[in-house]
Every structure is written in structure tokens, then in C-alpha cells.
């Protein structure tokens, strides 16, 4: 009974079907009909013109975006626990050629306008200090917290006021939209670039980098090739993404994962380290309690010395979820 | 009737089957059983210990290897028409942080020991000139030419004598081995790293970076993550590669492609720009002749103002091949 | 009456004399006799073998050292207020090709072994997180605090235990040694590399990068050239440095600056934000008080909204110092 | 009797005087009055508005310019024997973060419009090939050849037509202007950036990066700091440059060096490998002849197995020049 990560979940059958269907003769790279259709598909989804570019991983999506938005001598404001800071092995430094991540604080790994203002106020405007050009947030955050539409609007206004490009790391963007119940564009409003994740949500190996600032698209395409991410059989990546968009499968899958997490949250009560909004559940659990759960067949990651991270997925088995909820309640 | 590139060909059914079979619960990244089995599988294939690491593209395989072998202030000797020089959008400069490709000449895009010696002799050993640390060759070459085992031995000795690490770009390594009829290790002997290509040969999106210098493996794994190439569902990449190795499918596929190319070569006669050894056929064709062939439904790339590049694949339709051979003969 | 920074002070007459004396015919770069004598001069000063390499700025000295000690995917532990983090425009990211500065806390901009242990304990040993390879401290620190010999010994042991190379930013190393009254080697013990500053201490445009890990020297020389820091008339840089070493002029100058700072500290009493150990004095001063001092002709930098940084130099005019001390007392 | 290089020559007395005069109290970095006066001084010299920024070396001037003109994924067209390609240890790759130098041929290390057109025509306009954004030429060239004003105009038009920024490496720009006898602007017309060298021409350690495209200035200032080239006592660098401009000392010095070279050229007759236009003389000399000259006390570099490079300087001793001329004639 696996609750380690949604990135270990199976590939959705409709994604498989779409990939098989893509195996006809098609031009290589992103010259096939499927890849060529991404811009239109995402423009329709978001109700505004955008360019959409596949890449295999969230790390590459995030970093291609940042490298297009920030010069090598620049900086990116982000949360101290942002994925780009903690879990990408320095990939932003690689892709941006050494730009600095400037770390800010905020509850639940979310940033607030006041924190951004204060962070910027502490930077002298001279050649000795790194000047930030972008703001990167994660929706849902690294603790599964979601920015409400009015919070997004305030962040967007803050970024705009300071001349910062806004990047949204949406590795679990579907889960955020499923929770927020808002139109997708509201969940990332003001973003120049959104890393829209599908791999954790039923895909295999394709994420979409959605560029609302379409002027970044040519640059991203060059940099994608230069990073070795332009796959010759890209049609299979486009197929995955289009299958996820078709009939809003991405939203359906995210809702299923969120529902499972909510069931666990209900069972966890006072143990919750963070309110559960998406598909991640952070619990206070002692060593003995963790051992007890693992002894019953549940797998998950430790979170610090007295906690655990439990992640549900689009295909979390309802029986496993119910069993885990019961086991937590019984602790 | 498509002869544009083998990278546009279909995915082999056995690869599909292996991918589907990999869709059970497995740990993410390369902690799954399939990924963990790559070292042993390639060590068996080559008859010597090695580490093998999947990555999605030949460009990333080449550049991860070079970045592990060459410091940012160093250099790589390669042919003026090497893929790393001409077709990777500067990816070697990106991955190596600015190391220089030092370009050499050679017939058929192959390098000879004497050329390497002469190239090195022209470089002063001081801090003003870039000092090369690696030699990169392509097997089969960009013109489909293969290094014979004794040529590989001589190159390896040359590299060793000069303290250069040897990298082999094997985007079409299978085609080279199929032509040479030698044990695989002989086709890349002396290499510290081999980019073993599968995508052009029936795979979907997975190449193997084979490290005979196993000391490079940890470094490559870090850099792969840093480049955003550590896919969370890596099991599907390992599955592709293992399916290609199983029963020597890679060799069978390469033989089929080579056979098709040989049939075209036989028809081409004096039009051949290069002897056909692998699965690429370079022909002297006038504008009118190219138009005539295209008018009959054949697609291929121009090669300069009076030539064409025709590439066969593991699944080139025998009827299409026969038709093209006949059409060429009839010009 | 200038107390803005020691980097605005005049060049010492003996430095001028040495530069003029160097203007004979000499080979370029660092092939002249003066440059060739640096290794021996610093080995004698420190009582142990080392290589010493001139470079024009402290930023380049720091970053050449770090780039030689840390790979692009690595990290450097340093204080949150370290000069390399706050005042070099991201130069460490440039020279190291994107390695990360991992920020730690500590009073007076000094680091303690426990903080380093804790910082390292928070880093997972996997490919997802940046792994630090070096520790950089500043002697004297950015707040003019000095590491005592036993503190250096403890830091060196900590670095060694964790396999970290130790870099000492010694922009004001002379001031630290003058305060500590210990042999120079004790003030930087365990360091693989020391950026030994002379510009703030009577030089013009030459710092010494002292490499106790002599294995780094060839690498630093290559990287110095690659960074455009190998001046063709390097003899003038070596001349400055040798003049500073001759008769321990560096120590005499530093003592003079420290003495001036001590006089100001005595006058400042409870206004001191940090104990004064070297040649920097940080004072609590209101807007009105700062204005009052400036009205009397004293120039210095604000330090936050209610403070000031006053820096003395080797040639601070005793009358100016006395006047400022009196003015502070009279506030 | 030293003819190794003009970069080993003495510093001009007027430069010394100006440096000494600069040793009053001044703000650090480039906030002093001298540094602040550079823009006006060069605007006057060239008769058009420009920004001028000091840096210690020609390599850093060249590379700061290129990094401001070319993105990391871009390319620079230059001659195969350009200094940036052959003698800067890969510094362009470092400063530009991996952009490619695309090498062209041309007699005397000069480029012609037709060569540039042909070089560009060979590059496909797709994401697989590196796209050049700049053209870099050397005035006077690495073989001491000068671009005439009409040649500069043609190159500028070519660059403009292709959307390439034009960079002029003017390590010996003074020698070129002295030879051409034209207004300085004509010798670099169309350039966005000129590396105007002074070190080889009587300076100590300061070159001027002249930006006719003033939009590059802020970027260059940030990158200069990031490269560790913003010296705190920059006033001494500005002083050198202004002394060289004062009364056209740069031109006077260059004329003296050219005159000495012309005397040697007259003596060399049929031995000249290149017409002598600036202050470099390339001669066909056998091993025995080189040994004979060295036996008479002349020092110079070999140039290949049967040649020599002789460089004169602003202060070449007329007696030494006459002696060398006679010795060559007598061979």
C-alpha cells in the first residue's frame, strides 16, 4: 500500500491509448501534428493565448522558464522550501548560468506580498548585489497549500509593481485547481510561465511549460534543444499531454487524489502539520507510530524526526486509503 | 514513403510490451528494479564491467559524458562535422560550462590518429590555449562510416598516449556493430563512455550512457539530475532499453535497417558520396532528380545543393525500399 | 574626513616605490622574477609550503579559490552575511558555474562548528540536493570579528571531518592577525586557500590568493587566465604584494588601522553594535546623530535605519580620528 | 634587446605621473572623478556619444563585450586565428556561458564580407544549429594587418544586414589608427563595442571597453563586477587611460612603435610573411638564422618551425632597432 509519492503511480489507460495512437509516421522533434496542437489546446483551456512546450520533467520545465526570464547575473525570489531550491540539485543554477535563488519565508511554503516587498527592500540597487528579475511560487505549494485567486491576484500585482516576471511551479497544478474550484487561469493569474505537471497525475514522462508571455517561446525552444530535452519522438510526449487535457482528465485525476487525501486528513485530526488542500498529508507521527503503520504495510516518507509525508495519487486504491485512515485513527 | 530519418520511425512492439509490463508499482527515479538492472545487462553485453544510465536523448547522453570527462576550461577533440558540433545547438558548451570543441578534419567524418597527433601538436602547453582532455568520435559516423576494430584500437591508443578520455557517440552504434560483425566491445574499445542509441533503432525516448570508466557514474548521476533528465517514472526508460537488449533486438533491428540501405546503395552506383556501411545513403542528386523522386512519393532531406540524405530504419517497408531503389536506378 | 572604507585609502609610498622599481624589462604575465618569487615569500611568511598567485580583486581571489574547490553541481557553506553572498554580484555563481552558497547563521558574521554540523545534517545525501564541498569563512568577519586560533582549529577540524575544503576570505586578514597577535598561519589554519587582501591595507590593485593546498595552483592559474585576470604586466602586481610583505608592512599598516578603530570604539561605549576587533566600527546612531556627524565633516556609510559603519585605514589621520572620537562622545 | 612583445614594455612616464596624481581621497570603484570622466573623453575622441568602461585586460574587455552582445546559446563569427579563439584560454566560453566561436578564414587574419556571407549561409535557421549574433574582428589583426575605412564600412554593412553586433578587438587599435591615418571612428566604424588597448602601448593595467551601443553599458558594468573586475581603486585605472588620451599620447606611442616595425620590414625584404602595417613583423627565418640573431642578443618568439614574430613597442630603443635591422639584412 504505497503512499510514497504520486510520481510513482501508474500511467492512466487513456494516456497509454493516446501514445499508441501516436505511433504512426510523423515528422520528428516537435513538428508532428500533436505537438503542433499544444498551443491551441492550452489557449483553449486557459481562455487566453499562450504557447505550450513539452519537456520530460518538472525540473526542466521550471528551469527552462527561469532561464528565459532571468539573466545569469540576476536573481529569483522564491520560498526557502521551494522545490527549485531544495530538490533540483542546483538545476536552476545550471540553466540560468548562476543566477541566485533569493530565499524568503512564509507559512506552508507560500509567499505573501509583504514578504516579497520586504525582501526586495533589503537589496541595494547597485552592481554589488544581485538584482532579482523573477518571482517563483509553487501552486499547490510544497506543503500542499493552495493560493486562492485573490492571493494570486495580489502576488501578480506585487510582481508587476516590482518588474518581476512571475513563474508558477505547477507540479501539482491540477490538484490546486481541483481544490480551488476556480477556472484554471485564476489559479495562475499573472504568470508569465507555468510548469504544468502531468507526470504525478497519470502521465508518464511529459510536462507542459505554458508560456503566457509568448515572447519567451522561441527562447525556450532553443534552450530546450540546448539542454538535450528536444526528444526526436516528441509526438509521444504531446500525446500524453493532449490525453490529459481531453475531457479534463487532468482535473478528474486530481480530484480523485485530493479526495483520498481528504479522507486521510479527516482521520488525522490534530496530527496534521498543515491543512490538507491538495493530495499531500503531513502528519505528526512518532518513531513508534511510523513503525506501526509500516508494519501494517503502508509505505511513506519520514518528514523530519517526528513526522511523515503521505501522498495520494489519481489511482490510490480506495481500500488502501480506507485502511490507512483507520490505522491512523487507531494510533 | 519516408526516408527522412530513422528517428521518425515507429516504436518496436517488444518495446511497447516492455513498457506496459513496467507499469506496476515501483519506486521513482532510477530506484526501480529495471533501472537497477542496467549495469548488469550492459556488463554482460560488453563482457566487461560498466555502469549504464538512461537518459532521454542522444544530445544529453553525449553532453553528460563530456561534462564528466572535461573541465569547463578544457577541450574536446572532434570532427568538424560531428553531431556535437553541428546539431546540438551548443549543448556541449552548456553542459561543460564552456569547454571548447576543437575541430579536426577527416574523410567520411572519421578521425585518424595522425590527425589527432597533428591537432595536439598545434596547441601550446600554456595557460593561454585551451588544453583538450577528451576525444569524441561517432560510431557509425555522421556519414554512416564505421571504425573497424583495428581503427578503434589505434584511436584508443592515441587517446591514451595523450591522456585524452575517449567518448563514442553511438547514436547509430547498433548499425555500426551490425556492419562490423564484431563483438560490441570491439566497436567501442578504449572508450570511457559510449552514448548507445536506441531511439533511432526502435525505441521511444531512452538512450543508454554506458560508462566503462565506472568512476564517472556518480558524477553523471548528479549532473543528470541537475540537467532535469532524472525522470521520476524512469522505469519506462529502463524497460525500453532492456527490451532492446533482450535477444539482441537492437542488433536485429540494425541489421534490417542496414540491409535496406545496402539495397539502395546497390541501386545508386556512382551516385554515392560515401560508401554505405550503416543505414545512411548520401547521393549526388540534382534538383530535378530530387524533385522527380519526391514526385513519386519519397521523402528525404537535401544534402547540400546537389545531394540527398536517405535514411533507412528498422521498419523500412521492403516495398518502399525496392521502389526507391528502382526509382534511383531509373534516374 | 573620510571613514567610508579602507578601500578608498591611499597607496603606501613603499608600494609606489616597489612598482616604479619593477618597470624594467621583464617577461610578461607571471614569468617575471617578482611574480616567480611569491611562492617563496608566502611560504616563509606562513612557515609552510604554499603557492601564491596575484589577482586584482578580492572577489576574483575568492571566486577563483571556490571554483577550484567546488564543482558546478556542488555547494559552499558560508554565513548569510558573507561578502561572497552579499557583495559580489553573484560572482561565485559565475566562477563556479552555478554552485550554491548554502547560508548559515552566526553572531558577528562568524560561523561555529555546531552550526556547520546542523547545516550539513539538514542535507540529504542524494542526487536531489546540492552537496557542499567547501566551507568559506571571513577573517576578520564582515563585522570586524576575528576567529581566535582555537576557533580556527575547531573549524578546520569540522571541515575536515565533513570532507569540506576550507576557504578563508581575508580581505582584512592583516587586521585580524594584528588583533590576534598570533603567527599568521594560526589565523587561517586548516585553510586550503586564503584570499589575502592588500588593497584595503595600502596596496593599489593586487591581492594574493595563497594556496596551502598546492594541488589547486595549476587549476587556479588556468582559471585566472580564463577569467581575464592574467595581466600581461603582472610584475607590477607582484611588486605591490612583495612590498607589503617586506618588513611586515602589511602588519604595521593593519595595526595602525586597528588602533584608530580602537580609539573610536572607546569613545562609542554603549553604542557599539559589535565588539571592535579589527578596523570596522558599527555604531547605533539615529538619523539626527548621523546628520550631526556628517555636518561636522565626517563621511561614513549608513548601516540600516539606525546605525553606521565607520572604517579606519592604514593612513587614517590621527587628528581626524581624535575629532571623530570626540564628536561621538559628545553626541 | 627585447622584441618579444609590446606587452612587456615599460609604462610611459606620463602614465606614472597621472597615477600618482590620482592618489588623493576619492570614492571607490568607478565613482571617482576620473572614472566618471571616461565617457566624455571617449565621446570627444570618437566624435560620437559612447560609454567607456575600464577593465584590466584585453581578454576581459573582449569577453565582457561579447557576453553583452550574445546569449549563452548564441554564436560569434570570428577568424580562425582571432585572439579570442587562440589565446584566451576559452575566456569567451566562460563569459558568454558557452556561446560558440564560429571560425572563418581570411588572409592576414582579416575577414571579408563574402566569407561572412558564406559562413552564415552554411548555418540552418533552426534550433539544432547555433545561431550567430555577433561578429568580432581584430584591428590591427593578429598579423598586424589593418582594415581600411572602406573595409570597415563594408564589414559594418554586412554585420548590419545579418543582424550581427560588431565587436572590434583593438588590443593594437592605436597602431591601426597610426597606420591608417584616419579619424579614430573610421577605424572601428559600425562597432557596437571596441576593446581599446592601452597596456601594449605604454599603459600598465587598464584597457577601455568603448560602447558605441550605449544600451550595453549597464549590462557590462554588472558583468564586470560579477567577473571580479571592478577594482576598488579604479581611479588608478581611469588615470592611466586619461593620460593616454591626453594630447593623443596613444597615437604618438603607436606611431613610434610602427616606425620601428617599418624599419625592420625594410630590412627584411622577401622574408616578410605579411605586409607590415602596424608594429608586428613576421619573418621567414630558419633555425640557424633564429639562433644567429639570438646569439647577437635579440629576443623574439618563434612563429612556427621556420619563422619568427618580432614586435616593436612605443619605447623600442632606436639603436636596438637599427642593430636588428642590420642583423636581418646581413643574414
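Just so it is clear, A, B, C and D label the chains in written order, and each chain counts residues from 1 on its own.
One rule holds in what follows: contacts are C-beta pairs under 8 Å (C-beta built on N, C-alpha and C of every residue); 3 or more make two chains touch, one makes a residue touch a chain.
Nothing here was measured: the structure is a model prediction, and the numbers come from that model.
Engineer: Find out how few touching-chain steps suffice to connect chain A with chain C.
Structural biologist: Shortest path length, in steps: 1.
Engineer: So using the touch definition from the top, which pair is joined by more C-beta contacts, A-D or C-D?
Structural biologist: So, comparing the two chain pairs, more contacts are at C-D.
Engineer: If you average the CA atoms of chain B and of chain D, how many Å lie between those two points?
Structural biologist: 42
Engineer: Using Cα averages as centroids, what's the distance between chain A and chain D in whole Å?
Structural biologist: Spacing between the chain centres: roughly 50 Å.
Engineer: Taking the mean of the CA coordinates per chain, how far is chain C from chain D in Å?
Structural biologist: Between these chains, centre-to-centre, one finds 34 Å.
Engineer: By the touch rule stated above, which residues of chain D touch at least two different other chains?
Structural biologist: Answer for chain D, listing residues that touch two or more other chains: 72-73, 88-90, 94, 97, 127-128, 222, 225-226, 230.
Engineer: Hey, which residues of chain C end up touching chain B in the complex?
Structural biologist: 72-73, 97, 127-128, 131, 219, 221-226, 230
Engineer: In the complex, go through chain A and note every residue touching chain B.
Structural biologist: 2, 4-5, 7-8, 10-11, 16, 20, 23-28, 55-57, 59-61, 63, 88-91, 94-95, 199-200, 204-205, 222, 225-233, 236-237
Engineer: Given the complex with chain A, which residues does chain C contribute to the contact?
Structural biologist: 72-75, 86-90, 93-94, 96-101, 103, 127-130
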